[in-house]
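After this come two complexes, each holding chain A, first together with chain B and then together with chain C.
This part shows the complex of A and B:
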């Protein structure tokens, strides 16, 4: 059941009505039931077993850690706590690995062995049914058990409350990755009906629908047409496809986040923002602080910081210090930890090398090169501060281009195809004429898409300066409703439903 | 150790880590006030402060420190 489908809207309406009719105290239980029904309607209900068991083990370990900490018997405390966190993490990561990465191992083995051994018979990939939102809820619950271990969060005594934290249905679509101490405790609080939450939430959903159905779906036609017909499209079209895909991914993923955050707002639950106008970033590092924010902060807190504070890393740093001096040793160890972080980030996106490279190591390399350049010019710090408007614009464009280059691998079928696609950039810069020249869209659709992208750009510029929802709420009632009706009609009339329409696909949903 | 003394020693650490002799920290100083204090440099700063004062921050403190004032409170309590 896609979240842009009519069925989902009906489901949401029933859930919303039921939630506010029921007594305050049991509303969170109803949310759990709704989430289970959602899983049943969207996929196979048997798949619920995965989160039920994984969260069960995590719940047990987190509570054990707290009991060990609070008990009077202090001997061996550290070791016993470590044992429990290891058990939880190994189990959670283990399930994720088997379900998501077993086939990556098989494909890699087939490819390598096929080249070395003559007459090699390839191993069949395994077929699994993967539970919804696996990659998202796994990270959220690993974060939770670490927070208990670090003493940042209290262990949740009630198993069903933790189960809701892992299976809360808006989060299963495509995140965000949440923290227990922020989102988890909100889920089970008593939320009274608030008209403001309803209107703000509904507006946000509408905006998400616009991004996904009007913009992203049209961009996907252009991008797919170019990618699927490598004989026709070369040169300039590769640039169009690369930029187009970056914009498609943004409108699709950030649009789905608008819908998810909007839905949650209606239930009175504030989820963390995952995007903050990423295309205004001047560096790649800044880009990742504005794009998929919750993944970046999760990796920083639970991978990079702990890795950098291990004894192994301290020893590496000490060795480097004697050879290269303190400053360089600091930087080098940070870069090494960054590469580990980005390798995991890439792997998280999917069990394929194209992700490990495109949304993984390549991003790490971009940031490290950026840091090296910055450090080498450190003495001329002030030169940047006087940067004019054009320099800022140049830096933003540079970031956009670099990101688009890396996202080509995200879109490609494989790492090899990604490189091949890049190679085509240097072939024939001729213009394709005739019907193929329109790249899958009619002139009217092109116009709708360009105007819609401009609307998104204007909204982004406004969002940089002000809270646009608050501002809309303060405008004159006639103007406000004109804008809202325009939005509703735009989605109904201009939404790209096409023949055999079955709700838009969410790129991050399969993760 | 007095608070003033801690701030004095922290100034030296900050100036060294961020290569900027003009840095003057106070209890309200946050990462927003120092240009190079980003998530990459945070751990290096933490390690330098630990070495200066001979203490070890917990992960909760590393992740949760919101300003220099909180850092000083932790140092005083250590």
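This part shows the complex of A and C:
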């Protein structure tokens, strides 16, 4: 059941009505039931066993850690706590690895062994049914057990409350990755009906629908047409496909986030923002602080900082300090930790080397090179305001281009295809004529897509300056409703959905 | 349970009411434009209880029987609620729809599609949509959809047809389609569809009369019997007709079979294929494409049917001046078009 489907809207309406009809105290239980029903309707209900068991072990370990901390015996407290966090993490990560990365290992082994050994017989990939939102809930519950370990969060005594944290249905679609001390606690709080939450949430959902159905689905036609027909499209079309996919990914992923955050708002739950106008970033580093924010902050807090605090890293830093000095040693160890972070970031996106490179190591390299350049020159501030504006624009465009290049690997079928696709950029910069020249869309569709992208741009500019929802709420009701009805019917009329279209799937849904 | 205040509740209700109104209006506008849409929209726009005879069936109803002409010659109003390849199974629901807006004294049912296997017709979404997607949103329409879409798992694109038609952006550029947002635009030809070709289809007159009987598909016989039962239960006066067409193998034998069933239940059956001599119908010049009559053939069919109705049924109604003027205008328009066609 896709969240842009009519069935989902009906499901959501029933969930909303049921939630506010029931007594305050049991509303969170209803949310858990709704989430289980959602899993049952969207996938095989048996897959619920994965989060049930994984969260069960995490719940047990987190509570054990807290009990050990609170007990009188302090002699081997650290060791026992470590043992329990290791158990939880190994189990959680183990499930993730087996389900998502076992085949990556098999494919890599087949590829390498096939080149070395003559007559090598390939190993068959394993076939698993992967539970919904596996990558998202796994990271969320690992974060939870770490927070308990570090004393940032209290261990949840009620298993079902933690189960809701892991299976809360909007989060299963495509995140965001949430923290227990922020979101988990909210889920089980007693939320009273709030008209403002309902209207703001519904508006956010509408905006998400617009991004996904009107913009992303049209862009996907252009991108797929070019990627699927490499013989026809070269040169300029590669640029269109690369830029198009970046915009498609943004409208799709941020659109799904708008829907997810809007749904939660209706239930009185505030989820963390995952996007903050990423295309206004002047550097790649800034881009990743505005794009998939919750993944970036999770990796920073639970991978990079702990890695930097390890004994191994301390020893490396000490050695480098003696050779290159304190400042450089600090930089070098940070860069190394960054590469580890980005390797894991790439791996998180999927069990394929194209992700490890495209949304992983390449991003790390971009950032490290950017840092080195920044550190090696004097930062002169432009006194001329106009020159400053152009410079900002140039930097934003540069970031967009670099990101688009890396996202080609995300879209490509494999790492090899990603490089091959890049190579086509330098072939035949001629214009394709005839029907193929329209790249899968009619003239009207092109017009709709361009206007819709402009609307998104204007909204993004306004979002930089003000809270649009608040501003809209303060406008005259007639104007406000006209805008809302225009939005609703733009989605209904211009959206790509229904018979003849593939169901709108979220690119991050499979993660 | 904590409730919202009255002002908030009022806002939600008003917002939803406006949304529903706009949604339905936009849905009607976005439906594929064409003769069938015009015909059905025109039906809904007719004054309530002003139609004497409802004619139901496939496309041939609209091409064979000219309502303005029958009005002028025989003094009764009639309207075709026909759509291309209308499934016999749909007839009952179209009658229900017609009876909701009009109180006809006679229902004319064209029999042609009863010879086709319903399983085949059911697979074609277009045959279903031609009927239900030209009806107004109502519970009757939902019942019709439930009955006609047994082959389709997902019925929502039928219930809410904008799911299907929202990409018909082209109709938004047609002001005439916007006017159909509330189905209040009359069809000046009163649903009649004019075919003008009398040159390309040449069929030598052949007497297709047969005494033999060939059974129609079982599923259609079941539909026919169910329809007859419905008409009897509701005490609806009905006349079953077969409009002229180029002969198909076993066509008239199947119609003979239908005639027996219909007449056994006490309804009249009129096979115009057997009346060509009386009608002066010339298969060489009065047929458009083998399956439909052209305007010359239509006038002969209308003449015959009109006379048959006034001779055999008691059609009496007082019409308002507005209705009389409206129908007179329609006849004038038809004659103007007809004369232009003749001149050409």
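Assume the second predicted complex is superposed on the first by the 496 of 511 C-alpha atoms of A that agree within 3 Å, B and C clash if a C-alpha of one lies under 4 Å from a C-alpha of the other, contacts with A are read in each partner's own complex, and residues count from 1 in each chain.
What we mean here is this: contacts are C-beta pairs under 8 Å (C-beta built on N, C-alpha and C of every residue); 3 or more make two chains touch, one makes a residue touch a chain.
What you are looking at is a predicted structure, and each value in this text was computed from that prediction instead of being measured.
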*Assess the superposed three-chain arrangement around chain A: do chain B and chain C clash, or do they fit?*
fit
*Touch check for A:428: first (chain B), second (chain C), both, or neither?*
neither
*Once the shared chain is lined up, is A:285 touching chain B (first), chain C (second), both, or neither of them?*
first
*Write the angle, vertex at the C-alpha centre of chain A, between the C-alpha centres of chain B and chain C, to the nearest 10 degrees.*
150
*Compare chain B and chain C by how many residues of chain A each one touches, and report the one with more.*
C
*Between chain B (first) and chain C (second), which, if any, makes contact with A:305: first, second, both or neither?*
first
*asked:* Output check: A:195 vs chain B and chain C. Expected answer is one of first, second, both, neither. What do you get?
replied: second
*Does chain B (first) or chain C (second) touch A:157, or do both, or does neither?*
neither
*Between chain B (first) and chain C (second), which does A:334 come into contact with in this model arrangement: first, second, both, or neither?*
first
*Between chain B and chain C, what minimal C-alpha to C-alpha distance in angstrom results from the superposition?*
37
*In their shared complex, at which residues does chain A touch chain B?*
150-152, 285, 300-301, 304-306, 308-309, 327, 330, 334, 338, 371, 378, 381
*Going by the contact rule at the top, pick out the chain B residues touching chain A in the complex.*
19-20, 35, 38-44, 47, 58-60, 62-64
*Touching residues (chain side chain A, partner chain C) in the complex*: 6-7, 20-23, 192-193, 195, 444, 481, 485, 488-489, 492-500
*Contact set on chain C toward chain A in their complex*: 1-5, 8, 15, 18-19, 22-23, 26, 30, 156-157, 160, 162-164, 166-167, 169, 172
